[in-house]
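Note that the chains take the letters A, B and C in the order they are written out, and that residue 1 is the start of every chain.
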Amino acid sequence: MGRVESACATLSAIRENSPLVHNMTNIVVANTTANALLAIGASPAMVDGPEEAPELASVAGALVVNVGTVTPAQAEAMKLATAAAHKAGRPWVLDPVAVGALTFRTKLAAELLENKPSVIRGNASEIMALAGQGAGGKGVDSTDSSETALAGAKELAKQTGAVVVVSGPIDFITDGTRTAEVANGDKMMPYVTGLGCTATALTGATLAVCDDPFDAAVDAMVFLGVTGEIAAKGSAGPASLQLDIINGLYQLNGDILNATARVEMHEAVA
Amino acid sequence: MGRVESACATLSAIRENSPLVHNMTNIVVANTTANALLAIGASPAMVDGPEEAPELASVAGALVVNVGTVTPAQAEAMKLATAAAHKAGRPWVLDPVAVGALTFRTKLAAELLENKPSVIRGNASEIMALAGQGAGGKGVDSTDSSETALAGAKELAKQTGAVVVVSGPIDFITDGTRTAEVANGDKMMPYVTGLGCTATALTGATLAVCDDPFDAAVDAMVFLGVTGEIAAKGSAGPASLQLDIINGLYQLNGDILNATARVEMHEAVA
Amino acid sequence: MGRVESACATLSAIRENSPLVHNMTNIVVANTTANALLAIGASPAMVDGPEEAPELASVAGALVVNVGTVTPAQAEAMKLATAAAHKAGRPWVLDPVAVGALTFRTKLAAELLENKPSVIRGNASEIMALAGQGAGGKGVDSTDSSETALAGAKELAKQTGAVVVVSGPIDFITDGTRTAEVANGDKMMPYVTGLGCTATALTGATLAVCDDPFDAAVDAMVFLGVTGEIAAKGSAGPASLQLDIINGLYQLNGDILNATARVEMHEAVA
């Protein structure tokens, strides 16, 4: 099965199974990521109380952990929930927002890695910081290029066993051996807050239905890249783009994916 | 006065009095429910600190309590605020998001019921869980039909003295004796996050101006059902639907209500 | 340089420098204010954990503090972060949402003033409450006119050394000596939740690039007033208005400012 065919199959599986995706996320994107998950066909639940998060994480199809506006209380709940997901064999994805730029969450992310995320998705500065490289971004924004971060991403994948995604004009997805490049998207997308968080949330949906986290990560980046690229055509500005992305995820289908997706695979020579 | 005439009068009263509606709600819908309340003509305030919530609850026109992303700190504030509202004779409405699916909030909801909500609005699984029936939903989504939940809703209304609303393709509103059915809405509405929460928030506005909580609950479901049904016509997707619902609440008037509302009343034989 | 030329220069400086604007804000507007800041060209980061906020506040271009949904934990973080900003010589702006109407945040705002905000932006009731006048608003909404609050605003500016902004149909900006009036905007704007918060957030962006906080405050009110006025033309309702404001901030340029801005300056006779 080709890469795009695989993405089509994943999309169908999400719509058929409507997987429960548990999100522990930030106050900026809670609404938009819930809507993105509903639009793609998943069943999102945003739950981050310390009594509740472990309970839900152990039964959900996948868990999404995003440290964007983390507080000490939410951090404790994230530790418990990722441990519960790991123990229950549930996949989870980490979004290390602003890791490297802020001390507390940099330490937190290192602790969370012990609970074995299936996927880590960040921008170049965040991934380099997690890999122990780079100087950290500017707040939540990257100061490094995705290409620069690729070596660190491969290293991080090998260290953690996770698939690592570096978002940018070209998205790189690697498990340390295989690497995929997704060349969809649009230069207006960084003007919408939290589309990286949306990519991570969609990875929750794909993880819930894919056997291989590498496929899940590639498919999620394809879904958002394709939808964003189409939505940006003739868009009046970032608010219209956000709106058209949610509508576009709802309308997304195999024909659109086949016509628009640009994915390249690279296999490392063993 | 017929049911739709009553809804028209309620709408006028909200616009005339701009009631202060105090919301203790979740991070997913705080923005959209504030905008829905402003659009209908109310004055929303989102306040959930433990020092502030009881103070506001005792002077607001109505209080809306939504446990969607409840934390232990917010739970304590909800107990204090609902007690303050009850003591001050202020109406309040409970949205038991995901009650039945998660243990902590199921216990919390039971405690909150002691402070005598005027209205409880949930989906079928949530209402059945509160009534001590059913197995709980999948995260925040219902796994039961509204029809199935109606008997439990009547029982819950009798137990608690609250008007109980079961949202679904047809909304059921009951005080244990009277039952109304609102048949407005559209099948795209569940693809927008938190429209149930919006129904609950609108119930805060109606409770602040109606003498009878049963009328308030019916009117709120009519406002959202009518607006959603019109907004969904030719909608490109759920983000457009959300946008058009807020615009539609702003434009809502008696002519639109009379032309579109579909409400049926059933009186139990004593 | 005339007032509008100055605003044009500020806009260019934001786009050129993309200043990091640190926001400690409320759950209602976190998304919309992040999007407004991105649209104008700034780099927003929403961070309010007590371990992280002081770290970020001491390096950000400016700090925005908004007490809209303040909790005790966030209040402590706000005290630490404003102290850190003050110590590091970073400008910060206070949005005293509902101060005067609620006791806890009224005390908090008084404490925060000790850390010397560069700008305070509120509605008439909030500014009068901070100035020790008036009876407080209705929840988050003003019950006083901007004109009424102007004397209190001048007094507050003199007491605190901050530039004080009173938002309303006409916005007043004063440092106690100079006063500016911005007459842009539209009567639909109060139907969108948190546009006042957006004005405050934009003030974070202007503070980060302007030497004089008075200029920063005027320019931010011009940016939002002009954008809102244009967006409201033919708008179908408040949700369309919100969307068009974000798009409009992205499209804003010198020609639009020169064609639309209505600013008057008044210099007090010494």
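Methods note: contacts are C-beta pairs under 8 Å (C-beta built on N, C-alpha and C of every residue); 3 or more make two chains touch, one makes a residue touch a chain.
Just so it is clear, the model here is predicted, and its values are computed rather than measured.
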Are the interface residues of subunit B and subunit C largely the same numbers on each copy, more than half shared, or largely different? different
Can you tell me the C-alpha superposition angle of subunit A onto subunit B, nearest 5°? 120
Approximately how many whole Å separate the CA-defined centres of subunit B and subunit C? 33
I need the residues of subunit B touching at least two other chains; which ones are they? 27, 31, 73, 242-243
Please give the residue numbers of subunit C that touch subunit B in the complex, ascending. 26-29, 31-32, 68-73, 98, 101-105, 138-141, 190-194, 236-240, 242-243
Hey, which residues of subunit A end up touching subunit B in the complex? 20, 22, 27, 30-31, 34-35, 38-39, 43-52, 55-56, 60, 73, 242-251
